[in-house]
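In the two assemblies presented below, subunit A is common to both, partnered first by subunit B and then by subunit C.
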Partner chain A sequence: MSKTRRLEKSAKNLTKMMGMYYTYNKIQAKKGKYVVWIAIVVPIELLKGFDLVIAVPENHSAMCAAKKLGPTLAEVAESKGYSMDLCSYARIDMGSMFGKGKNSPIGGLPKPDLLISNTNNCSLLSKWFDVYHREYDIPHFILDVPFCYERQKEKDLHYIVNQYKDLIYLIEDLTDQKFDIEKVKEAIHQTNKAISQWKRFLSSAAHHPSGISAFDSFVHMAPYLSSHRGTPLIVNHFKLLADETEKRMEEGKFPVPEEKYRLLWDNIAPWHQLRPMSKKLAQLNANIIYATYTSCMGTIEGKLAQFPLDPSKPLFSLARIQNATVCPYGLELRFNAISKMIRRYDIDGVVFTSNFSCKPYSLMQLDLMRKTKKKFPSIPCVMINVDHADVRKYNEEQVFLKIEALLEQIDNSRQK
Partner chain B sequence: MNQLNLSNHLNNLNEQKDKILFSFPLYPPLELFHSMDLTTLVLWGLKNEIRSTQHIYKHIQDYVCSIAKHLTEFILNNGNKIDFLFSYNACDSLRNLPEIIKEGLKEQDYHLPSFHIHLPMNSLDRKYTEEYLKDEFTHLISSLEPFIPNKISFKRFSRSVELFRELRDLKKGLEDLIVKNDYSYINYIKSMEACKYLSNENQIRFLESKYKEFLNKNTSKSTNKVKRVILSGILPPPPKIVHIIEESGLKVVGNDIAKYTRSLHYTPPKGSFKTIEDYYLKFYQNHFPCPTLLYTTDSRIPLLKEMIKQKEANGFIFIGEKFCEYEYFEIPILEKQLQDENVPMLDLEFSAEDIKNYEPYRTRIDAYSEILTTK
Partner chain C sequence: MKSLELLSEYSNYLEEQKLEGKKIIAFMSHDSIPEELIDAAGFIPLRLIFAGNDDLMNASHDYLPPSTCSFAQSCIGYFARKPNLYKFLELVDYILLSNHCVSDICVSEIISDNFNVERLNLYVPYTRNESAIKYYKIELENLRKELENIIGHEIPDQKIKESIDKYNLFKKKLAEIEKLEISGSQKLEIFQKAILFGPKILNEIEKLIQKNREITSNDSQTESNNKKVIFTGCSIFLGDYLMDLIEESGGEIVFFNTWIGHNYISQIYSDKILNSTDDPIDLFLYRFKTNIYGDHSVPDSLDNEISYLETFINEYQKENGEKLAVINHVIKFCDHFSLFQSTLKERLQNKGIQVLNLERDYSRANRGQLSTRIEAFMEMI
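For the complex of A and B:
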């Protein structure tokens, strides 16, 4: 039986970093530092121009879900009247907020002074943040990003830059701090370095057997979606991750040594299933080696390569990647990206994950799957149902029935 | 015109060689399309038009609202009868649909010219946001112009605006009359639905005749004996639900329905705009608040409280569109705030599937009515 590999050094470093992040935030908030809650696509590099405590509710919800606390927290929000049909990230984090941090592994996020959401990743984030806006009676800045069906338009770029300027004025006004653009440039420089290491880490998937599992990438993306982004710490972490991965590959250590099936994952991670799912897949000699979700970090519009940010044009650079950092975008762009991934990583089958809690990501997958099947008739695809953070909406038997059928199809396709 | 024969209506329009534009909900620039001689159909409330689900589940998942499902099915069944599609970023689901529909039509060998604008959602009172919105309209006009026989003119546009103003005023007036004279609110919903696919001119004639009809009716008033409620949601409830509400001793005195009040409330005053772009800036800036218009968050609850006060309403019934997260994110806080004002809320949920049994709704409505009457 195959064993799921663990990247021990990187895992230890990750635990240390994330612990540090949450503890630091709590301490600084207690000292009275200004606290901003942001959606994950809001560019943290821009906020580095200020001295702020930055917390990311989506990140917090994913962590709660991974620690099996999702339902407990979601039920608190549901008991307040929030429908079970709402995004589970929102229900979990609202549950934490209503319960004043009870049952959150970190005791909840420090109380915010300002909220910044964005509409591109999902415009419902703004509705979710409006709950906090009304509950805490604090300002809510909506970063409005036109959806990306194609290459970003020049006027959209300027529109986003103007909003950044507005946001800078707002924070200056609220905090009495002076915005420091040099710090933003430095953060961008660090992000470039970090993403370069991240891409190096992901490229290990090209090896047969793959040097990584997409589950590794799900776990280790966390610091990028925290205030570690734009700092040397994340550069070091991603470098450690890539180094450790390569070293293990040199030693002949792979997540699924007898890898028979190389799969691609399309959607957000099933946070509550990372370990059980990867373990069960490994038992079948299957590995989800790559994921659209973690591949698009630091890229734009369906490309696989890193989009280098230009530190000399910080606002424009950040606005340029606003359209596709960790987010869904148009059908054609996603199809292009998936096509490239299939070729580059020698994919045997695609797992499209229809996610009850993320309509923007999911609501085009049926066509995406059809197009993929048409273009790659020998690559079987399957659609499974998952909720990224609410385990109550997950049925392991049904999911694995479909995955096993996919593996059979791959076998059949090989015999032809 | 009855909603059951929209497909036939489309056939008639095709025979008349009308240029037909299908528009996604919720708040498209109808005046503009009208001034371009485009026959525009806004695709919501199509439940009775859908006879099969052959396309829906091929293209979209189950956990999507009925509006998105029915719209997809209807377009994919009638792609050969229409000329253009229009959409804007009304919600996440509708934002994804244009490409999905394009794929579906491609399978049938149809290609429809599609037009899309991005409506700024942060705030419409910043200079650059105003410019962005205006530019979206300039671009929309120039994209549509090659497809229409006459060049768009401000004069023609202004005439269309006046027609829409008259129509909206008539619709609001009819609701006021029906409520004031104590007629069943079903009359309002039925009148609105009966004329929804008529031309503006025919709608005006139809509504004027309805107005006269209700003006001349002689009924005794019983408003003091019943509790007054406001309906809220994206789509109006089925008439049967209104019937149950009224049977339970409640009177509907107004609505915060996206298809009705939220759409009808505001038309920029004559003389307040100098260009088409300017009109739409004012149109969206002053739009009746809606959970899908993200920049209206802060004005929504105060305005609803004001409406409740003006209409002397005792209750608020939410007609929930299942899977419309925009609405559902607001409900708990709205319910709490209305409760503080001593206005209890009833939350009813409707989905894409046909309602076969109204009795569970009746039980809940009766219980709610009891709460209101014993208050």
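For the complex of A and C:
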């Protein structure tokens, strides 16, 4: 059964929401509203204190890749001299910008007035946004987030809070708008509710067979990475998703009904392969039931549980959650999270996905795999190669050869 | 051959230092690492500036995916293989983990985790605003405390100041090397040695400058037919064959606009700045604030870099009547320089300056192809 049919209402709602988001952005930008391009980890809730159009290039690239337009757009940037070794998100979105939206399913993002990048999940991001900074000659604010090896230190927290204040002053200055902290508090309140529903949805993976596949979570995380975040719309969407998932489970409808292998995925989704990969896995009675990538939403420091944001301390809460990302720092934090996932979700095997386009996520994976094998000798692991948005760097045969070998190892391990 | 001698000499030097009880702190080259603080605490700062080869890159694949920067792969390869000339890496006591880029962070963590080297952390902000400067100050103070904890006593301000003075004088001398009429490969050898040994070789540098001046004043100047170029982008690390290829192709590097080269040497304090404060940490902050060319800083470092190159080329042309071309070196999978190369080439070419973007790894298999590209570029200019 395809995932669209299984979670039909949620899928329809998702299409509606994302269509609304892109259309609304275009219309508002045309009307002259101030447009901000942000990197994915920049807290949208903070920007809710202003009236802005918020666009996310990484989100746009993932969408282009899912629509099989990744290579077409990436080639535009490559023809301008950008190396094929660079992150495919960067190449795709730059390709869209250089081509003035040509070949983007939404005609590209509305022209920005301000750029906000961050440094905690990738050092390339700020350089990538610098290309836009030079191209459009607009300000570029860099949210500089220090290491995340352990519990966040006070000095780091204050550094981030100070930068939020700098950012608020900058936007006030650029837009002549007055920052409204009450709107931020309300957005935080909505995010708390949304994440609680998201966690409820993800917890369906604990069931045997799993009520979800990681591919469901990859698809439905999209509105969280858009300006729907911090609004009742996303709360409703995640609630609908969790409700519908539970309903399907009650009806006995599961993504892989004859589930034999419960797998964990470690990296960003291969956006161009969501359908073919999940379908092929299902034919093998294998389900990637959980992913580190979608689990980290709304959590901190490699934990699985939701980190409740405190609306009475909005800036501090949003600074605290900057320690949320699963990469690139802190092998121990990542390992702790994976260990918890293996236990809680009764994982049979781990698919470590070395991603050509995401160094931060991929660089430590061999160590992570070694540690996992050592701690869980009966849980086989495999390393496959993908590129999250460039299908030219993906070899399906090679990937499935490895995955099938993993499944055999799981069989062997069960016989022991 | 020269690099083998240098490594052997360096190895002996480190062994001697260890016998004297000194500890070694290694780090990946980075323009905001306060080596003077490390020196003042009595440690030996060891910059990892060693180029790779196929064997080392392959050895790193037990720890890193092949899509990692070739320099980072090589660093891991050195620790994994410890080739004969690099046995000194076994003497490393600490690795200073910093954040020049993602590879710097992860590779330092991998070295620490897998090769039994204790880790020290220093986060260097990517921006240069007030919040970033305050944070960098906290990081420097924390590093100072960590070093003090290791040695068991305070590092006096005076001692740090002395070290800053020492390195400053050394860099001033190195700046004179930049102007000497010697070949690019000779300059590079001196810079590489300087980065490894630091002010310990000040006398040697002074003698070399003196000797060269004498030779230059005695000799009538001979015109060289070599094509004069500026080298920018990623540094040429020790043991790399790239310099040979450039010179064999008829190129002559007159200016190294790289970290091993001008970027390091140019971090000189004026006497006025040196005397402006009693707190040495303020001097590190000043250097951090005024370092606007390093690829680590955003935004605008590339714009600053391009204007600097343009000015240099124009001034050189006025003085020498020759227009310099540019070789922009990008080590494969280095995101920073890779993202710069398109703009750098376009903007300089628009000003009539010829640019060769040279993206490569350390594989020997690429040597022929690289050589052809360099030769074609030299013919073109």
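What we mean here is this: the second predicted complex is superposed on the first by the 405 of 416 C-alpha atoms of A that agree within 3 Å, B and C clash if a C-alpha of one lies under 4 Å from a C-alpha of the other, contacts with A are read in each partner's own complex, and residues count from 1 in each chain.
The criterion applied here is as follows: contacts are C-beta pairs under 8 Å (C-beta built on N, C-alpha and C of every residue); 3 or more make two chains touch, one makes a residue touch a chain.
These numbers were taken from a predicted model, which means no experiment stands behind them.
Peer 1: Should subunit B and subunit C be called a clash or a fit once both complexes are overlaid on subunit A?
Peer 2: With subunit A aligned, subunit B runs into subunit C, so clash.
Peer 1: With the two structures laid over each other on chain A, which partner does A:Asn162 touch: subunit B (first), subunit C (second), both, or neither?
Peer 2: In the superposition, A:Asn162 touches subunit B and subunit C alike.
Peer 1: Once chain A of both complexes is superposed, is A:His237 in touch with subunit B (first), subunit C (second), both, or neither?
Peer 2: It touches nothing on subunit B or subunit C.
Peer 1: Looking at A:Arg229 after the superposition, I want to know if it touches subunit B, subunit C, both of them or none. Which is it: first, second, both, neither?
Peer 2: neither
Peer 1: Would you sort A:Lys80 into first (subunit B), second (subunit C), both or neither based on which partner it touches?
Peer 2: A:Lys80: touches subunit B and subunit C.
Peer 1: Touching A:Lys26, do we find subunit B (first), subunit C (second), both, or neither?
Peer 2: neither
Peer 1: Hey, what residues of subunit A end up touching subunit B and subunit C alike?
Peer 2: 80-83, 85-87, 90, 119, 122-124, 126-128, 130-131, 133-134, 140, 142, 144, 146-147, 149, 155, 159, 162-163, 166, 331, 354, 356, 359-360, 362-367
Peer 1: Which residues of subunit C touch subunit A once you look at their complex with the stated criterion?
Peer 2: 62-65, 67-68, 99, 101-103, 105-107, 109-110, 113-114, 121, 123, 125-127, 129, 131-132, 134-135, 138, 142, 298-300, 302-303, 330, 332-333, 335-336, 338-343, 345-346, 357, 359
Peer 1: In the complex formed with subunit A, which residues of subunit B make contact?
Peer 2: These residues of subunit B touch subunit A: 58-61, 63-64, 89, 91-93, 95-100, 103-104, 116, 118, 120-123, 126, 128-129, 132, 135, 291, 294-295, 297, 322-323, 325-326, 328-333, 335.
Peer 1: Spell out the residues on subunit A that touch subunit B in their complex, using ranges where they run on.
Peer 2: Going through subunit A, the ones touching subunit B are 80-83, 85-87, 90, 119, 122-124, 126-128, 130-131, 133-135, 140-144, 146-147, 149, 155-156, 158-159, 162-163, 166, 330-332, 354, 356, 359-360, 362-367, 370-371.
Peer 1: Could you list, by residue number, the parts of subunit A that touch subunit C in their complex?
Peer 2: Touching subunit C: residues 80-83, 85-87, 90, 117, 119, 122-124, 126-128, 130-131, 133-134, 140, 142, 144, 146-147, 149, 155, 159, 162-163, 166, 328-329, 331, 354, 356, 359-360, 362-367, 385 of subunit A.
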